[in-house]
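Below, subunit A partners subunit B and then partners subunit C, in two separate complexes.
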Partner chain A sequence: MTPISRVHKNQGVKLFIQTVIARAYPRLIGQQREKSWMFFDIVLPLLSVSAYVFIYRAINAPEDYIGFVIIGGAMTAFWMNVLWSMSSQLYWEKEQGNLALYILAPNSMMAILLGMALGGMAATTLRAAVIMIIGSWIFNVHYAVVSFSQLFLVFLLAMVALYGLGMMSSSVYLLLSREAWHISNLAQEPIYLVSGFYFPIKNFNFWIAAGASLIPLTLGLDAMRQLVFTTGASLGFLSVPIELGILSILCILFLVGSRYLIGYMEKLAIREGRLTESRR
Partner chain B sequence: MRATSLKPFVRSFHLAAWLGWQIESNWADPFLFAIYSIIKPVSAAAILVVMYSVITHGNFAAPIFSYIYLGNAFYIFVGQVMTGISWAVIDDREHYKTMKYLYIAPVHFPTYLLGRGVARFIIAAFSVLITILFGVLFLKVQIDLTEVNWLLFFVSLMIGVIMLAMMGLILAGVLMLLVHHEFGIGDAIAGALYLFSGAVFPLEVLPTSLRWIGFVNPITYWLELLRRSLVGQVAQAFPTLSTLSNMQILIILITLSITFTIISGYCFRWCENLARERGLIDVVTNY
Partner chain C sequence: MHFAIETQNLCRIYKIRGGKKTEPKELLALEDVNLQIRHGELFGLLGPNGAGKTTLIKILTTLLAPTSGSAIVAGFDVVKNPEKVRPRINMVSGGESSGYGLLTVRENLWMFSQFYGIPSNIANQRIKQLLDIVGLSDRINSKSSDLSTGLRQKMNVVRGFLTDPDVLFLDEPTLGLDVGASREIRHFIRKWIDDDQTRTLLLTTHYMVEADELCDRVAIINQGRVLACDTPATLKHRLQGEAIYRMEVSPLNGTNLQDFESIAGVHKVTHRAQDGFSILELILAQDDVISSVVNTMTAGNIHILNLQKREPTLEDVFVDLVGKSIEEMESDADIEST
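Let's turn to the complex of A and B:
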């Protein structure tokens, strides 16, 4: 009889990190295996963004607005990623049969959500950077960065808060079925509108802009525009330090909220038998 | 004899249209579904309205505003019809996992896909109507119902929808060879074509080297005819196609639509054969 070799099992923090890496891996590697994403995720959005640039050119808008559109267009990649690959992902996992396996396995659901977020964020940053670099080059956008450190901080906080929101909403999607797809679909154009992806939100009524600020990209975009364009500060909604403060609060709110919600929703979904349901 | 030979096509189309409508609409109650169908297109139009308003300080009476607004409103058909037909490939292959069964059933698959697009067409028509109504009531879009050329409008609309369906079929063929991307590729393609269709700005705004794409794009002529039929004086004020008469533009649109119909037939067959060879008919991808 040969002795049975014991399998090493990670636990605690090591298992958490291992799970994060394992869930982030397909996000990063998947796109390397399917080269068509370069066309669908970079070329097509770039053409779409160009259309908005030419609308501004057709109505003789100041040149800084071209830059606003390029930055807004690049940031749409993150919103799309959060909507389709974070929020509705658990619904897809349920449809594919993976969700029950996630629950069965001895890992934390927070680690799975974090892995999805980090993998998606890394892959999307690459797409957004390419859209921004090529768009800026084609349309000759001039940037006048006021503070690189603040710019980095704004981007970082906006991303953490945004993916925190994605993690939080994905747990809500645990309970959804076919309507998940439609809800994600609905959250595109209205959010592009109220978050000011293609124009400064200062043009809205204060309370509409304040309400839209619950979506981290609204203040993230506004602060980034203030920091990289000469006319940006005059078109800003709030000052950059205030926007940084609000983004920090949103980070904490959404990350803590996601931790609470995923636990609650998981229990609710188990109790109502929704983890394996497939209402097609 | 002819009626009998058409029967499988009619049956495939009719059943697919019914199925498509059920899939698109029965996830919510009718009221919620109606709200959903309105919010998305009105928001998309509102983005343009705000952009325009910010720069021109709300000069909605200018002809360019009606040009932009109507072009954008009718462009809703482009994304919806193309997505409706092409997304059915992903939906049936990866979500419902029924595509292989469709292939072994007495169904004409391309006709089935065209039928699946009907539901989105109906939703798009509703959205276009609401968007235009909103523009006329609140944004001074200059449509005088007594001066509308209704014959030209309905003929152009019908030809355009057929042309869009053929473009959707080309995309459906391509999708048979691709993995499940994270959002509607029909919308993405429509977003890209937005640039080259003169939908929201005259083609003269594009660099000279890119304008030819707009001139071989049938959507350019389709939108021009729709604008001319609704607000002739506004549409003809822009230089892009001002040298062409309505009849000349209609002939160009018909010629390009026939060309796309032929291309779509060949393209779909070619992609379908390749998908069969590669074993992609029942592939499931999701990462």
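Let's turn to the complex of A and C:
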């Protein structure tokens, strides 16, 4: 029998990148192996989108509102992914026994979180794109993009801030354990409302819209609508440059917050011995 | 660096929260544990459930802070330099369900290898080699959710060895496995140590045979304290002057074990009720004490079905140190918890 030889191990940046890729892998591959997502993540959201489209058509709302709904429906996929998969992931990892192995390994926990986020984001981008393409085709939506570079920047910042929020909340959910499920349930519908997934948030009182802007998708959606529809600018909450600025601040805030919280969670786990023990 | 693992006066107290108005209770899980484990050693921690074995492993693997005392693993303090300890260690627990069911065996193992910075091509080569050694290569592309408990545990064991740790911790690695799978895993563990004497392995178990067969040295631990630490042969030699008997007798039906323990020359008696008979294990000062035991049984109308003198085992050492067998202790604990 061949002896089991010693092996070279990468460290530093290489280890960080390897960890990110490895942790993103289950999310990407999981999508290919569980085909049920096509029904639950595309057909069902399209039904909700259709309901709003028919309401807007019934009341003769401006045609751009149909596009607002399609974009909102597509972006909802990201919010659902962050709320149900990203936020609760560390708690689930603890229950599975993976969390102890993540802490025990020489990798950074930020790399684990980043891997989860990138994997989730990539998998959800496919779902969102399918919703958008099919929705636009069925309801004959026309886009008039003002600036592709700004649109890309808005989408990128919204994603970084949103998944930064998810990374941060995954540590919070871990500390809250089962209570987290109730919070997700509680947060889902109100956030659908205030984030303006299916209508422009300009319709709200300024302070409600400002409060809702803490959810990165609120401003992301608002800016994207301003950039892709002719009437978008007139229905926007704030100007695109201001929204880009706020999104940048949210990116920094949530990423720094997630780093602080994951560090705190790890210290707490080691001090109390509870968080790595699913049976205790 | 003198030792692969060294602990000094290691203590861990858990605070168990009660209700909101009650003060948390304290549970002493480890008390003044002092161990020195040499490089190249396969060291066993033997004790019943709740003895403190897993707590000790958690401290040594940087997953839990000690309440007091210190621990050095692979040359670094586990509290002060966990980032230096972690690249050099790995851990596998019995019955763990780590990884992702949607991924294949190869993908799960590859994922964990990446967390240790092993280049992807080398990781894949090692995965094939290790799966071949444990007899799992034909399931390399099976989803891990499709594996039986035994096969899944083999995969977990491979995960521990894959990252080439200097010090490997195995917490009850054969828990719940059938005899064949346990034997294969034990064989693999021994081979890993024998291949390279710079490797060190700490194994916890409550299977006496496993500790006896595998370990270079064994520490017997109970209620957080190390009661004895030596080679299995030396530990058993402690009982060489005593006579050990195994008796199968008619059901004891209320006869008190203390009746036997009070006989002069009887050091320890353990009892296991079987279907229709009882098994007594006796540690006696010398052979002639058995006649007094037999007389007591005759007086109590207990029939002897089988009487056998045997060599001491680690189980006897444990009984001699603790006063009960591991089986009895775990059975008592089960009764207390119900």
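FYI, the second predicted complex is superposed on the first by the 267 of 280 C-alpha atoms of A that agree within 3 Å, B and C clash if a C-alpha of one lies under 4 Å from a C-alpha of the other, contacts with A are read in each partner's own complex, and residues count from 1 in each chain.
Assume a residue touches a chain if its C-beta (ideal position, glycine included) is under 8 Å from a C-beta of that chain, and two chains touch if they have at least 3 such contacts.
Owing to the predicted nature of the structure, the values given are computational and were not obtained by experimental measurement.
Identify the partner contact of A:Lys9: answer first if only subunit B is touched, second if only subunit C is, both if each is, neither if none is.
second
Touch check for A:Arg271: first (subunit B), second (subunit C), both, or neither?
The answer is second: A:Arg271 touches subunit C but not subunit B.
Where does A:Gln96 make contact in the superposed view: on subunit B (first), on subunit C (second), on both, or on neither?
Both: A:Gln96 reaches subunit B and subunit C.
Examine A:Pro106 and indicate which partner it touches, taking first as subunit B and second as subunit C; both and neither are also allowed.
second
Considering only touches as defined above, state whether A:Gly211 meets subunit B (first), subunit C (second), both or neither.
neither
Examine A:Gly30 and indicate which partner it touches, taking first as subunit B and second as subunit C; both and neither are also allowed.
So A:Gly30 meets both subunit B and subunit C here.
Just subunit B (first), just subunit C (second), both, or neither: which does A:Pro241 touch?
A:Pro241: touches no partner chain.
For A:His182, decide between first (touching subunit B), second (touching subunit C), both and neither.
first
Kindly list the residues of subunit A that each of subunit B and subunit C touches, one partner per complex.
Touching subunit B and subunit C on subunit A: residues 26, 30, 34, 96.
Touching residues of subunit B toward subunit A in the complex: what are they?
Residues in contact with subunit A: 27-28, 36, 39-41, 43-44, 46-48, 50-56, 64, 68, 95-96, 178-179, 181-185, 188-189, 191-192, 194-195, 199-202, 205-206, 284-287.
For subunit A, which residues are in contact with subunit B within the complex?
26-27, 30, 34, 36-37, 40-41, 43-45, 47-48, 50-52, 54-61, 65, 80-81, 84-85, 92, 95-96, 177-179, 182, 185-186, 188-190, 192-193, 197-200, 203, 280
Could you list, by residue number, the parts of subunit C that touch subunit A in their complex?
Counting only subunit C, the residues touching subunit A are 12, 14-15, 55, 58, 61-65, 82-83, 86-87, 89-91, 93, 96-100, 102-103, 107, 110-112, 114-120, 122, 126, 129-130, 133, 143, 161, 163-164, 191-192, 195-196.
Under the stated contact criterion, what part of subunit A meets subunit C in this complex?
Counting only subunit A, the residues touching subunit C are 1-4, 6-11, 14-15, 18-19, 21-23, 25-26, 29-30, 33-34, 96-98, 100-107, 112, 269-273, 276.
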